[in-house]
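Alright, structures below, take your time with them.
The following pair of complexes shares a single chain, subunit A, combined with subunit B in the former and subunit C in the latter.
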Partner chain A sequence: MTWNDLVALFPILILALGSAALLMLGAWWPRGRELMGLGSLVAGLSVLAAIALTPPVTEISGLFGAGPYARFFTALWALVAALTLLLSRRYGAERRFSGGEYTALVLFAAAGMALLSGATSLVGLFLGLEAFTLVLYILIAFHREDDAGAEAGLKYLVMGAVATGFLAFGIALIFTSTGTFHLPEALSGLDPASGMRPVALLGWAMLLLALGFKVSLVPFHLWTPDVYQGAPAPVAGLLATGSKGAVFAALLGLTAGLEVGWDDLVPLLWLLCVLSMLVGTFCALRQDNLKRMLAYSSIVHMGYALMALLAAGPTGRTALVFYLAAYTAMTLGAFGVLTSFSRASGEAQWLGDLRGLGYRHPLRGAALTIFLFSLAGVPPSAGFIGKFAIFIAALDAGFIALAVLGVLASLVSVYYYLRVVVVLFMSAADDVPLHGGSRGEGAAIALCALATLGLGILPAPLLDLIAQLIP
Partner chain B sequence: MIVPMSHILAFSAALFVMGLACVLAQRNLIMILIGVEIMLNAVGLTLVGASALWQKVDGQIFVIFLMAMTSAEVSISLAMVVYLRRRKGTLEADAFDGMKG
Partner chain C sequence: MTEFTHIPWLSILIFLPLAGALLCLVLWRREELCRWLALAVSWGVFVLTAGLFAAFRAGGSGWLLYEDHAWIERLGVRYILGLDGMSLLLVLLSGFLMLVAVLVSWRVRRHTGFFFALLLLMEAGILGVFLALDLVLFYLFWELMLIPMFFLIGVWGHERRIYAAIKFFLFTLAGSLLMLLAIIGLHLLHTAAGGAPSFALDNLRGLELSPSLEAWLYAAFLLAFLVKVPLVPVHTWLPDAHTEAPTAGSVILAGLLLKTGVYGLLRFGFPLFPNAAAASLPWLALLALIGIFHAAWIAYLQPDAKRLVAYSSVAHMGFVVLGLAAWNQTAVEGSILQMVNHGLTTGALFALVGMIDERAHTRRIDELGGLWGKVPRLSFFFLFFSLASLGLPGLNNFAGEILILIGAFQTNPVWGATAFAGVVFAAAYMLRLVQGVLWGAARGALFWPDLEPREGAVLVVLALLVLWLGLYPAPFLAPLREPVADLLNVLPQGGLP
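So, the complex of A and B:
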C-alpha cells in the first residue's frame, strides 16, 4: 500500500478512523447525544472528502476502486450514516443506547458499505460485505430491553452466518476455477473453453445465493419482515437502504465485467426477479404493521432493481444507480418519520397507532405521504422516474414480460401504500399524541423529502452524472 | 500437487454439506454456530488447495483474512448467545418465534 493508495482511500479512512476515535472518546465521555452529533459531523466530512478530493489512483491495492463510481457510493452511504445518526439522537437517548458504541458501529457500517460498492476484487467484496454485516448483527439487537430486537438479531445472525458461508465458498470455487480474485479476470472461468466451467458455475450460484440473501430476494427473503419489525427504526432504515444498495452496487460492478457466462445467469436472475415481485406484492397486501409492510415492499423494490440489472447496457445500469439513490432517499425518509413518532415506551409501527396523525402532525404526515407515494411510483416523485427508467430499459432489452409484471406490481402496490395514507388522515380514535419530534429528526426528514421530490421534478442532472460514472 | 484438486474439492464439499446439515438439523444455538464454523473451514481448505493448484499465494492470504473475520464473527455470536440466554433462559432456536405474519 503506497501513500497514493491511502490518499485515494481518504473518505473511507475518515469513516473508519472516526469510528475508532469516537469509540475511544465514548469510554471517557459517555454523552450519547453529543457523540451521535459528532458522528454525523464525521460522516458529513467524509461526504465532502468523497466529493471534493480527486483520487490519485483509480484502484487501491487491487482490492477496491477509487474511481467516480466508488466515490459516488462512498458519498451516498456516508450521507445515509450521517442522517441515521441524526435520526438516532433522541431515539437513542430515550432507550439509553450507549452513544460511543452506537455511533462507532454506524460509521463503521458506512465504511463497509463504501468498500463493498467499490470492490474490484472478490476479496474486497467479501471484506466490505462482512464489515457491515457484522456491525448490523450488533445494531439490530442494540436495544437491550426489547425482546423483539433480540429475536430479530438472532434471526439475522443465524441466516447471515449461513449466507457468509455460502459467499465464502462461492468465492473459493471461483478462485479455484481461475486462480485470481481480481475482477473481471476472475470471471473468465465461466468461458465454455475453460476446463473448470462447472466449478465456476457452482461458485456463481453460491455467490448469487448469498448476495440474494443480503438484498432479500425471494426465496431468500424469510428473515426480512421479522428483522425490520424487531430492529430499532433508525437501524432498520440503515439496513433497508445502505446494506441492500451497497450489495446492488457491487453486483453491478460484478456483472459489468461479465462478458461470457452472462447468458447462463440470465434465466436464474429472471426467475428471482419474478418471484420477488410476486411474493413481495402478495405478502405486503395483508400487513397491518408499517415496518413489516415496508419489508415486503422492499422485496418488491429489490425485484425492480434486479430487473434493471438484467436489462444491462448503459440504460439499465444508469436506471439501477438512479433507482438506488431514489430508493435510499424515500425509504430512509419513511423510517425517519417512524423514528420521530416513536416514544420511550415504544414505536408507532401498527396502522392503528397512525390514525389521524396527518391532522395532529401535519408536516410529518405530509412527509410520510410523499415517501409512500414515491415508493408507489406516483409522479412527480423520484420513485416514479426511477421505475419509469427501469421499465424503459427492460423493454429496450427485450424483457417484456418482466416490464409488464413490474407495472402490474406497482399498480397493486398503490393499494397497500394508500391504505397507510388513508389511515393517516382518518379521524383519531383516541387523543394520545405521539412524540413531537426533535429538530434533528425534522431536518433529516426534510432533506429526504426534498431529495424525493427534487429527483422527481428535476432528474436530469443526476441521470447525466450517473451516465458518466457507471463502469 | 500430490493430492489432486478434485479430491480436495470433494472433501471440502462434503465438509461444507456436513456443516450446513448441522445448521439445519440442530435446534441449539451453539450447535448451529459450530455448523457455520465447519462450513467456513471447508472454504479455507478449498482456498489453500486452489492456491497450491495455481501456485499463487493469494488464496492463502485470503484464508488469513477469513480467519480474522471468523474470529470477529464468533465473538459477536457468542456475545449474542450470552445475551439471548439471559433474556429467555434458553438457547433453543424454536423459543424465538414471537414475530409472525
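So, the complex of A and C:
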C-alpha cells in the first residue's frame, strides 16, 4: 500500500481511526452522549473529506475504487452514520448504552459500507460486507436488557452466517472459473466460450443468494421484520438504509462490468424483483407494528431498486443511485421519528401509540407524513422522482410487466402508508405521553425531511451529479 | 400589452396560494390570523383571475399566456404553463369558488390554521392542473390536489370520514398511476421516433402510434380522467367523499375537482390520441346517458340531502360528458359552460345543505321539513338554486344544458332525445328535495337563526352569477370559441356514427 493509496483512503480512514480512538476514549471517559456527539463530528469530517479531497489514484491496492462513484457513497454512508449517532444520543443514554462501543461500532459500520460500495474486487466486496455485517450483529443486540433485541441479533447472526458461507463459496467458484478476484475480469467466466461457464454460473447463483439475503429480497427476506422490530430504532434505520444501499451500490458495480452473461442473470433477477414487490406489498398491508410495516416496505423498495438494476444502461444506473439516495433520506427519517418518540420504557412501535400525535407533536407528525407520502411515491417528493426515473428506465428497457406491477404495488402501498397518516391525524389522542424529542433528533429529522422534499422539487442537480459518476 | 405579458402571471397565480398555505402552516397557532390570511390570499387570487379574464375576454387562438422554463432536464421534464380560453374560464371559476370555500368555512373551529392551509394548498394544485402543459408537471399538480382533500375529508368530515377519505384517495390514485405509465410510454415512443426527450404536450402531439398502442395509452388516460369526472361505473367514490366531506370540501369537490377530469380529457386525452378518442366517443355517450339516468334514480331514493346533491352531480357530469361525446362546436362549448354552471349551483347547494346541517344537526330529508316557515331567506336561496339545478329557463344550468342538447341532436338525435328525458328525471329528484326540506309541517320546535350577513353575501353573489349566466352567457362563451374550434379540428372528422 503506497502513500497515494492512503491518501485516497483518507475519508474511510477517518471513520476507522475515529472509531478506534473513540472506543479507547470511552474506556476512560464513559460519557455516552458526548461520545456519540464526537462520533457525529468524526463522521461529518469524513463526509467533508470525501467531498473535498480528490484522490491521487482511482483504485486502492486493486481492492477498492476511489473514483467519484466510491466517494459519493462514502459521503452518503458517513452522513448516515452521523445522523444515526445524532439520533442515538438520548435513546442510548436512556438505555445506558456504553457510548464508546456504540459510537465505534456505528462508525466502523459506515467504513465497511463505504468500502463495499466502492469494491473493485471480489475480495474487497467480501471484506466490506463482512466488516459491517459483523458490526450489525452486535448493534442489533446492543440493548442488553431487551430480549427482543437479543433474539433479533441471534436471528440475524444465524442467517447472516449462512449467507456468508454462500458468499465465500460463490466467490471461490467464480475465482476458479477465471483465476482472478479483480473486477471486471473475474466476470468473464460467464462467457459461453469459456469452458468454466457452469462453475461461474454456480458461483454467481451463490453470490446473488448471499447478497439477496443482505438486501432481503424475497424469498430471502424472512429475517427482516423480526430483526427490524427487535433492533433499537436507530440501528434499524442504519440497517434499513446503509446496509441495503451499500450492497446495491456494489451490485451496480458488479453488473456494470458484466459484458457477457448478463442475459443469463436477467430471468433470475426478474423473478426476485416480482416476488419482492408482491410479497412485500401484501405482507405490509396487515401490519399494526410500524417497524414491521417499514420492514416489509423496505422489501418492496428493494424490488424497485432491483427493477432499476435490471433496466441497466445509464438511465437505469442513474435511476438506481438516485433512488438509493432518496430511499436513504426517507427511511432514515421515518426511523428517526420513531426514535425520537421513544421513551425510556419502550419504543412507540405500534400504530396505536401514535394516535392523534399529529396535533400533539405537529412538527414530527408532519415530518413522518412527508416520509410516508414519499415512500408511497406521491409527488412532490424524492420517492416520486425516484420511482418515476425507475419506471422510465424500466419501460425503456422493455420491462413493461415489471413497471405495471411496480405501479400496482405502489397503489396498494398507499393504503398501508395512509393507515399511519390516518392514525396520526384522524383519531383522538390518547393520554400516552411520548417523548418531546431532543434538539439533535429534531435536526436529524429536519435534514431528512428537507432532503426528501428538496430532491422531489429540485432533483436536477443530484441527477446531473449521479449521471457523471456512475461507472 | 407586451409589458403586461412579461410578468409571469401564471406562476404568480400558482405560487401565491402556495405561499399563503405555508404561511398558514407556520402561523397555525394563531387561528384568527390564519382565517383572515386565507381570505386575503384567496381574494387576491380571485382578483388576479378576474383581471386575467377581463384582459383576455375576447379570447383568441393559441396560448394567451405561456411560460416555459427548464426543470429536470436530464429526464426531459420542463416547467411549462399556458393559458387559453378554456383554461381561462376554469381558472376564473377556481378563483371564485375557493373564495366561496373560505367564506363558508368561517365557522371551522378545529385546527383552523391547518384547515385553511390545506384549502390554499388545494387551490395551488387545482390552478396548476388547469395551467400545466408538461405532462409530468400536470401529473404533479394532479396528485397535489389529492393530498389536501384527503386530509379535509379525513379530519373535518362526518361519521364515516376515514373510509371515505381512503376510498377517495385510492380510487383517484388508481387511475392516475396508470396514466403516469402511459405518460412515460408516450415520452419513450417520442424519443424512439427521433425526438428530443420531452414531456411537453406540444411535442408529444401528432406522434405516429400504432392503433393498438394508441388504444392502450388512451385507455390509461381515459381511466384517470373518468374516475375524476366521475362517470358511471367508476363513480362510487363520489357519494361517500361528498357526503363525508366538510362543506368547503364538498364545494371544491363538486365545483372544481370534478372539472379537472373533463379538462384533462379535452386538454390531453383527445389531442394526444385523436384516433382512439374519436372511436371512443359513442361509448362515452352511452356511459354518459346511463350515468344521467342511473344517478338520477339513485338520487331520487336518497334519504340524505347531501347525498342527493352528490348524486345530482354525477347526473350533471353525465350531461357534460355527453356534450363532449357529441363533439361539435355547440355541444363542447355547452359542456365547458355547463362545468362552470354546475360548479356554481352545486357549490351553492352544498353550501346550503351545510348551513342547514350546522343549524339542524341533521341532513336527513325525513327529519327536516317546513324550513320555509322557519328560515325564509335560507329557504328562498335553497329553492332558487334547486330550480337552477333542475334547469329552469332563465337560470344558468338551462343555458348549458340546452347547448349540450342541441349539439347532441345535431350529432345523434337519439342521444339528444334520451338526454331530454334525463332533464325530467332531474326535475323529479330536485323537487323531491325541495318538497322534503322546505314544505310540509315544521319538525322540531327549536328556533333557528336565519342567514347571517357572511352567508347571505356569498349566496347573493352566487345567485347573481347564476342569473347572469342564465340570461346572458355570451361573455363566458366568447373566449371559448376559438379554442373549441381548434380542438374540434384535432379529431379526424367523419369517424362519428
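Following the convention adopted for this analysis, the second predicted complex is superposed on the first by the 468 of 471 C-alpha atoms of A that agree within 3 Å, B and C clash if a C-alpha of one lies under 4 Å from a C-alpha of the other, contacts with A are read in each partner's own complex, and residues count from 1 in each chain.
Heads up, the rule we're going with is that contacts are C-beta pairs under 8 Å (C-beta built on N, C-alpha and C of every residue); 3 or more make two chains touch, one makes a residue touch a chain.
Keep in mind that what you see is a predicted model, and the values were worked out from it rather than measured.
Chemist: Overlay done on subunit A, so just call it for subunit B and subunit C: clash or fit.
Modeler: Verdict on subunit A: subunit B and subunit C fit.
Chemist: For A:161 in the superposed arrangement: first (subunit B), second (subunit C), both or neither?
Modeler: Once the two structures are laid over each other on A, A:161 reaches subunit B alone.
Chemist: With the two complexes superposed on chain A, say which partner A:24 touches: subunit B (first), subunit C (second), both, or neither.
Modeler: neither
Chemist: Using the superposition on chain A described above, determine whether A:363 touches subunit B (first), subunit C (second), both, or neither.
Modeler: Touch partners of A:363: none, neither subunit B nor subunit C.
Chemist: Once chain A of both complexes is superposed, is A:41 in touch with subunit B (first), subunit C (second), both, or neither?
Modeler: Touch status of A:41: no partner.
Chemist: One more residue to check, A:180. First (subunit B), second (subunit C), both or neither?
Modeler: The answer is first: A:180 touches subunit B but not subunit C.
Chemist: Quick one: classify A:401 as touching subunit B (first), subunit C (second), both or neither.
Modeler: neither
Chemist: Using the superposition described at the top, determine whether subunit B or subunit C touches more residues of subunit A.
Modeler: Answer, by number of touched residues of subunit A: B.
Chemist: Once superposed, minimum distance in angstrom between C-alpha atoms of subunit B and those of subunit C?
Modeler: Closest C-alpha pair between subunit B and subunit C: 24 Å.
Chemist: For the complex, give me every residue of subunit C touching subunit A.
Modeler: Residues 28, 70-75, 111, 136, 139-140, 143-144, 146-147, 150-151, 154-155, 161-162, 165-166, 169-170, 173-174, 177-178, 180-181, 184-185, 187-188.
Chemist: Of all residues in subunit A, which touch subunit B in the complex?
Modeler: Against subunit B, the touching part of subunit A is residues 123, 126-127, 130, 134, 137-138, 141, 144, 147-148, 150-155, 157-158, 161-162, 164-165, 168-169, 171-173, 175-176, 179-181, 199, 225-226, 229-230, 287, 289, 292.
Chemist: Any idea which subunit B residues touch subunit A in the complex?
Modeler: 5, 9, 12, 16, 19-20, 23, 29, 32-33, 36, 39-40, 42-43, 46-47, 49-51, 53-54, 56, 58-59, 61-62, 65-66, 69, 72-73, 76-77, 80, 83-84, 87-88, 93, 96-99, 101
Chemist: Which subunit A residues qualify as touching subunit C in the complex?
Modeler: My answer: residues 318, 359, 362, 373, 378-380, 384-385, 388-389, 391-392, 395-396, 403-404, 407-408, 410-411, 414-415, 418, 422, 425-426, 459-460, 463-464, 467.
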